[in-house]
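Each of the next two complexes has chain A plus one more chain, namely chain B in the first and chain C in the second.
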Partner chain A sequence: MIENSSSEPKIVKPKVPNTERISLMTKPRLILRSVLAVLGLVTIYSLVTIDMAGLKLKDAFHSLGLNLNAMFLHPNVGQDSWSVLLRGLSTSIALTLLTTLLGAVIAFFIAVFSARNLSPTWVANTLKAVMAFIRSIPTIIWVLIYSAVMGLGANAAVVGLTFHSIAYLVKAYSESIEETPQATIEALKASGVRFWPIIFQAILPSIVPALLSWTFIRFEINFANAVAVGAAAGADDIGYYLFMASGFYFDFHEVGLIVYLLLGFAIILELISMRLRGHYLKSN
Partner chain B sequence: MLKVNQLDKTYGQDKHSLKSVSFTAQPGEVTAIIGPSGAGKTTILRSVNQLIRDDGGQILLDDQDIRQANKAELRKIRHHIGMIFQNYNLISPLTALENVLHGRLGAKSTLAGMFGLYSTAEKTEALALLTEVGLKDYAYQRCDQLSGGQQQRVGIARALMQHPKMILCDEPIASLDPKSTKIVMDILRQLAREKQLIILINLHQIDIAMDYADHIVGINDGAIVFEGPTEQVNEAVLQKIYRQSADAKVKVAANES
Partner chain C sequence: MKAKYSSPQQFFRQRRMRLTVVLVILLLIYFGSVLLVNFNTFSSLAQIPAGLVWLFKTFIPNQHTTTYLGPIFYQLWRTLIVSISSTICAALLSLIFAVLGAKTTSPNRVLQLTVRFGASLLRNIPVVAWAMILLFSFKQSDFTGFLALFFMTLGYLTRAFTETIEDLDTEKLHALQAVGANYFQCVFCGVLPEAASTMTSWVLYMIENNIRDATLVGILTGTGIGFLFNQYFKSIRYDAAGLIVLLIAALVIVLELTSTQIRRAIA
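The block that comes next holds the complex of A and B.
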């Protein structure tokens, strides 16, 4: 017999609420709105009081048009030759590949120790704090810091880019690791498997798609950084030529060509990443 | 033989505590632990391979006390205790074959384990075990494409790959439909008989326990209230095991019908 333990449910009439004022304005909402209002006021004030410095809008737009025309409709190699520019581009790509791969491998091992489900909390938290500190300083600053230590050039660029990549990827990887279900790890632990085999046989296969996509995003970021860093640290890559063409020779034709080269590579990257993910997801 | 002596466990606020739990499980037999939800079934099972550290007592597997083992010894003992789970706990992007091979990882050095280096003999054995549980055709399928019952059978094959003396089953059929339940339970009973394994199962379905177990351990609120052969389990015993629990009457009623 299945007994129904509770007796007949009673129907209780809801009390009619008092006619007190009901406010939807909670404290966080109030703060948000006042911040937005203040920002709006500041914007209006600065627009009204802006110093035009004798700017003639018509002339300005005219010369902007001329420059864009020179850059994007009449690109050419300018001072340098095709071979120099392509070598510069390949230097940038090599720089990107090297720093991303180095960063990925080192970051994976650090991520294992900064994942809360694998390491003692204090180790994980300390590592995460250090990585957050490194991340909070832009890549380019790290490259300049290392340039001060190692001298200008490709070495400082490699170390600086790798350094920041590690900090970035550790965060992404360790969060992926923390998302693997504890139960699957436990299943292998229960059969007497050691720590590193569990990492490589259980956790790694589960998070490969996440690792792939994070690493690829970092690859793109590193490419943009490599171009910027090339100019700053004199790594003799495409960024350096871009910097010289735009800042020294004012050769907008060459700037345009370099921008097209970068754009082309970015498109190729995007295609590869789409293929890679598509292939990976399909074959599994 | 598994002999558990006066096992105690307290979680913070007396939650799910075990009170001097003692029982034995024989090779060649299916031993079922039954009891209401929250009685401590899972705690007992997980203490046996020390996934949960208990507070006091003895757990003797072939006269070796698991609780006294150091880290390396514990790993060795665990390697000979298979375990299957309610949610199978397979590595889902890997194939069934790879998951079965994971049963050998515990016997490997760190490096061989990291890179998953298996001998031909091991691969042959894994495929043979998959054939034994009726999954030969699914060996190269990703585990997340298998049904629940199939995944549980992969789990059993993984446990067998460890060459176990004992298999612990933590609610192995709780997520399965009746047909898969029968397949899985048939396999487990057959393993006990043919390979003389100790099969220790947590169950909350009394009818399944009555059908398949040779030996029943009844637990209520962390204490053993019955231990004996399945034939001795009657209405009064079940009342004792499920007394004062919300779902007790429902379960007894279901069992009667």
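The block that comes next holds the complex of A and C.
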């Protein structure tokens, strides 16, 4: 009998090298998920505890449907006339132009002093903090405050809107200025160019596209704000007629017409902004 | 601009000319607007310092103000969670709309145009109109404020999300399609994970923005912190109104700082 005398053959198994476990759950992902989870929980809590004031949802949505139908399918001029409404619309547009222009000019000069590469750090930081504070207070509150100081009317609306525009634009402008390479400024300073020529000859021409696009964004925001603020400040613009039609006469036909007018202007603005953006992308 | 200039002098002359024309146009626009609006530039600008002084004198909270702290904090908290919940609900819906409406993932062109048009409509109906229409049907309740913020946010986020999806690299999507992934696999495994952090930062921005808008919506619909401010302001309890302004500013700044931190962490 043949016997295999040798013991069990030695089998060499390949060893699994020590690899690190690869997890798809990276830290940013984890933070992202936990942020979303917290927000979701707050949402659920808020929806459960929201005060509905004994509302019957079915009736409410039914009446909403009726009102929307009256607004969008049967618009008419109601209490006011076409000329009054069109004048109101042009006042709103003028208000927007005025506040954006004033805001842009003042904001540019403040932005120069709040850019870190142009002015001392403490000046820049103080200005930025003040602007952040102004920005964090809603436009409507600024307008209300100034209407208490100056009395109701266009002046309060203009000053209130401009205030918020300045704070918004200073942030945008100073960030654009800070993108100018330090070397450019150093070189000009070294060759003896003074402060204002550096800004108007070197920095301004290179950031004009960025400034224009930020100003245009602010223009759109200001238009929405001008309409919203009209009612509060009594600036006799389209927002005032909108507020009267919806809050006092309950004339949803007129509300519909005003909304159509505003939509028309907003669409024109959007077309301009699309063309501007196309132009801006092409030139880069 | 590749215009040829024969000399530096000519270049500078041309530039000065162009600048002058632009300045003249801007001045014309300015004075036209001043006439239309009836704005007195100098007397108004001169009143700004006086306004600020008045503000700091009358809006400073005093020891009497602490009696208002209870209702103010309660309404501030309600406003915060209503603006968070309206943003999140709108974000969920606009995510679906954005996937259906973005050029790269849209099933068909009609849907794409519908989504665009709908979002533009929602965005451009002014806050005043939203607040008033909803107030009429939903009465004076937190839910009215919620809905007004919800509809506006829906319009903004649909546009932002659509643009985020369109900005993504289309090659990954093509690669997924080439290996045989179906539409849903493409969307859930190719598009959404990639866009998630940008979209979250849009959501955070909208929450901040909604707190600010909540004030206006509150004044118009009689809910939340805006209503409380309006009430104190109209009844000349300026110390309490000032406290509200300070607290709103503090809340917005805290939110801004937190969301900057979160954005940096998830980028």
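What we mean here is this: the second predicted complex is superposed on the first by the 217 of 284 C-alpha atoms of A that agree within 3 Å, B and C clash if a C-alpha of one lies under 4 Å from a C-alpha of the other, contacts with A are read in each partner's own complex, and residues count from 1 in each chain.
Basically, a contact is a pair of C-beta atoms (placed from the backbone, for glycine too) under 8 Å apart; a residue touches a chain by one contact, two chains touch by 3 or more.
Predicted model, so just to flag it, every value in this text is computed and none were measured.
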item	value
Partner chain(s) touched by A:E186 [first = chain B, second = chain C, both, neither]	first
First (chain B), second (chain C), both or neither touched by A:P120	neither
Touched partner set for A:G151, first chain B, second chain C, both or neither	neither
Touching partner for A:Q201 - first (chain B), second (chain C), both, neither	first
Which partner reaches more residues of chain A (counting touched residues only), chain B or chain C	C
Contact residues of chain A, present in both the chain B and the chain C interface	none
Residue ranges of chain A in contact with chain C within the complex	27-29, 31-32, 35-36, 39-40, 42-43, 45-47, 50-53, 55, 60-61, 63-64, 67-68, 71, 90-91, 94-95, 97-98, 101-102, 132-133, 136-141, 144-146, 148-150, 153-155, 158-159, 224, 227-228, 231-232, 235, 239, 242-243, 246-247, 250, 252, 255, 258-259, 262-263, 266-267, 270
Residues on chain B engaged by chain A in the complex (per definition of touch)	49, 51, 74-79, 81-83, 85, 87, 89-94, 102-103, 105-108, 110, 113-116, 142, 158-159, 162, 168, 249-250, 253
Residues of chain C touching chain A in the complex	26, 29-30, 32-34, 36-40, 43-45, 47-48, 50-51, 54-55, 59, 81-82, 84-85, 88-89, 120-121, 123-129, 132-134, 136-143, 146, 196-197, 200, 203, 212-213, 215-216, 219-220, 226, 229, 233, 245, 248-250, 252-253, 256, 262, 265-267
Complex interface listing, chain A residues touching chain B	1-3, 181, 183-184, 186-202, 205-206, 208, 284
